[in-house]
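Each of the next two complexes has chain A plus one more chain, namely chain B in the first and chain C in the second.
Here is the complex of A and B:
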């Protein structure tokens, strides 16, 4: 922090001195050095400028003595020059740098999930009670054979249509990574290694791993590809379509370096494009290179961010031989991205799913590939709506991190995460116990899956495949005609 | 303005009944009418219909097109289309008799036709594909015209009214068939449209259906990928097209197709021996979107047989029975006992377990000779 900032601090830490027992837990646990202790005066105080409002101190304070407020007084209200813009400009005037941020787009763009409502059965068909009748969520991922043909590559079953999205070892701690791996195995779904390879001690979970191959090729080797269940080529990420990644050298500790197969302490730079993919035919070559390397035993997924022409791109990917298409919407999270990119590039996942699903159907190839949606699934209802729009399954990441303790302070790129998630500092990361973390993730999947079953039963169906692409079970509220047409849904109040 | 049926979807409850004489013995329509009349409570007078197999032996090599026209204009348009694509062997008004309870009927015509070879070649399709596309084209693009049935040596008769009155209206006592299936409808809301009644047909397939298919949207969008056009917005249409796709186009045995429409649960599949497990897993993975989810009991008629099927958790009634060479299926046991008091065996098929009756081999040869 420079000595003189022209902006007031964003947050204020308020300590109730009557309640405080001076245990100093907040001082030890604050990842951002906002909580301080002056031993000479035996006094606790806060450097408000450092506070990111991650809520760690508030959550762990045994006396309940801490509260964090958005700093009053606010700037003079201005609907156009909002506080955000003023802060950003001041920050850049001070540093001359690119604005960085973490997690997903936090701007008030429309959330179409909140404009879609689900159907339920009344009289003419009975709703089904999941407590009494079987309710099936099992989903198979991979390429469906043409009628009469044999499958070459085995399809991958998952017990619920929810997987953990790509988060690399390096961007998140070993503890967080291991939590995801354990939970995925226990629930019989998948986690995704991201572009940082799979740490040697976690190969026992590899049969529930989607192993990613990204533009930096970090951690990619034959054993890695063959250990995973699905191989995923990462072309783009919803939080930062069109750009690469940068894991700073400070995060490349010895184990991260070993997993990524790069020297310790060097920056891990993922180029914006794959330098062997400048066109769709190049993608086809990489898909088949990976298939050859895995003897056609692993479905190959291709992940792209949801951009304007995503439907045509997805169709090309299907025709290039991919078994799974993963689409990451503009709400998707990240460990680090330029703020302008995160907040202004890409399109909502709801529209992307609808467009891609319809396009693949128009071309008669929808049944050949699986469609996985990612980027901004906040609840089981969002998942159900995505599947009704046409997805086979979804990837969740932000929700998973919140289950692990994340409070969305959006400072992952600093490596200082107080919750032990987005950090490589062992002092911080050991706060996250992978056993407890896995249990919390398992609970989340369990809760969401139960809710999905309830919603399916209410609609009178007992299998997730009867929901897939079943847009008649959706109705829009407050959407205009273009939006309804793009989503392929009727407006609430319209009959079947 | 209230939309016409076919432009929106109407859920309905129903009665179904059907039987087949596996020895090929042909009987007139009085028995099936009697069976339906017993279940009058299950209908509300807004739709009834029948399909009969073996009724046109003299024209057995011709497609029997049963058509419904709302006005002369649509009839002219369709006749032009028919003349373009077919040789017409015979045509006439479908004979009817006056029944007091039946309101104003549309124009009802039938044509016995055979497609022009040149037209089939031009379309680069098989004869069956050519036929089904033409049927869909008439339903889809000629306002006021609707193809009631289009198979060989079979026909469907349907309209707005109680099934027994519809049977009387169409003089079904004058037709001889080896297999009859029938339907009485209880739509929840409809001004009543003759085309909306069951059975729904495509080529030789005819389907009567009791239930509401909650997976309609998923099924429909899957079938659209294979070129089917849902013109009627009814669940039954989806059933007919699904069976056509699975059995005729993809070559699945009917028994297997039934396991797609009412798929076994994963927990059952997981317990099967390896070979079957692989088969059923494969079927669900490939055809998951054709699973008919929601309550239904259906009877599917086809040349030489019929199949009765329940949804996989049996949310609608279906009873089967046999007596000598005759196999029965109906919504209620009483509907069977009404026409066959000395029934030999009665059973309630489990959810997803198809009841299939076929003409005996020898009979089949005799009938097709």
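Here is the complex of A and C:
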């Protein structure tokens, strides 16, 4: 029996009746049944309790008649017992369940990117104008062959050091998935299939795909591995380190089931660990199994969440034979995760990049592997800072989804996404035309790449290679000594 | 001739094509005036047919051999020989609605303007150039293109 809801609604929908022309677009587009129409009275109204502030109605309304407000909580302000805690407790008192959420950690932990500043050339060294002089962003991923090595896995070039991060078909719609695939191909970078396989009709984009092999092994077969450009073993994900995945049966529609190679309507459960990996030696076996299966033609990447011991783990991964190490920071997104895990497990990607890069350098193996960072890149400046800290390239996912329309309502786990992204409902997913989606993603990559060139030029560098791990181009502001040491940067004001 | 074609795979049932159509056929060509002063709500010449989850915008096909023109008792409905556009010369319409009954696509609805009968049908925005439904469709579910005779 539902009991009394103890909390006031989170949002309130305000319709300016003077502007509203009663076209009903908002009612038809709301994914959460918040916008309602009473035909008998010819009256529009909103069920505020359903509103998740996804902003779909606001964006679609031709009259600009809608505004969503955060309900000012009529709760007594409390710096310790914040509204968030109260809401969570009330919800759990009603349901007895685990709190679920989507997207990345939304808590006010420090963002080190915002405490790092870049350098620029003045007088003593010339800056470069990227519009007049060549500027190289092309990045090569994979293991640099040791002298005399017998096997040589080809390096994978990408036109910009930005790739799309893993988002599985099933967690996102076919339309969103296809948008990513098309944009990656057009820009000559990579998208990542995530753990759900590659839909049969998208194999034409496979030469720009990182094909994932995760603990559930969904959609993994020889053709899949050989069609992709890079094979990635997913050990962990920044949003939910240490736990597996659970795609509910409602999202396993016929095409998703066919791609994942599981029966339609069954829950897709990814175990927390790979049941054949309990040590670095086991990981090595899987790496080489995949290399054998692809005749050493595909670099193998291993993706882990950024956790406390990430540097040592990365060293083990490199020694186990991986060609690429991908590290996903604690801001990384997800289609569904327990809120407590998302918000309280893992470490910031900035610290993880610096720690891993330093460890691999200290051990003299940094040049053997490529380091890809993921989890919370909001702008081209974040990308540049990550590369200066030691990454070869970055994965973006949240930013890509925002480019497709996502407004971070964090309700991905409901499958009701109003923007046609995190849903398998054809009524919702059809609103994301991949033609338009791919253009928007392409534009994002283009804009960021251009900005990266400008920042590089300002520093007097003409190639992204020269920035990698070049921490002298970074300065910290408001960081303590431990943080500066871990990041390997000087404080702003200190000279070269 | 260049016609409007629906791409049902991408129609998201927003009905904004109807809104844009109404604005384009209003006196003011302004959203608020069209709806609030001219009272044109419900007078769109393109209609989104819903069979959810599918929906598709339906409008006049500007047939090569239009039944509405053949059936028009007052000579109001004509096919422009130069552009191929089938449209109604509204001052001649007497409101017999033979065109409405005859159209095999159900693309004409009876309507009225300033107290006089007018058939509500797509005229491909012949006065402004580009069809407003196509220009305003947020998901490119409508295109305006040449696909050859009979298409």
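Throughout what follows, the second predicted complex is superposed on the first by the 486 of 496 C-alpha atoms of A that agree within 3 Å, B and C clash if a C-alpha of one lies under 4 Å from a C-alpha of the other, contacts with A are read in each partner's own complex, and residues count from 1 in each chain.
FYI, a residue touches a chain if its C-beta (ideal position, glycine included) is under 8 Å from a C-beta of that chain, and two chains touch if they have at least 3 such contacts.
Every value quoted in this text rests on a predicted model; they were computed, and no experiment measured them.
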| item | value |
| --- | --- |
| Touched partner set for A:482, first chain B, second chain C, both or neither | neither |
| Partner chain in contact with A:29 - chain B first, chain C second, else both or neither | second |
| Touched partner set for A:79, first chain B, second chain C, both or neither | neither |
| Which superposed partner A:361 touches (first chain B, second chain C, both, neither) | first |
| Dominant toucher of chain A (residue count), chain B or chain C | B |
| Partner chain in contact with A:39 - chain B first, chain C second, else both or neither | neither |
| Contacts of A:62 with chain B and chain C, given as first, second, both or neither | second |
| Where chain A meets both chain C and chain B, residue numbers | none |
| Contact set on chain A toward chain B in their complex | 121, 123-126, 128, 133-134, 136, 138, 140, 144-145, 147-148, 151, 155, 361, 364, 366-367, 459-463, 465-473, 495-496 |
| Residue ranges of chain A touching chain C (in the complex, touch as defined) | 19, 21-25, 28-29, 60, 62-63, 420, 425-427, 430-431, 433, 435-436 |
| Chain C - residues contacting chain A, complex | 9-16, 18-20, 31-32, 35-36, 41, 52-53, 138-141 |
| Residue ranges of chain B in contact with chain A within the complex | 8-13, 188, 211-212, 214-218, 220-222, 224-226, 233, 250-251, 263, 265-267, 282, 284-286, 288-289, 291, 293-295, 312-313, 315 |
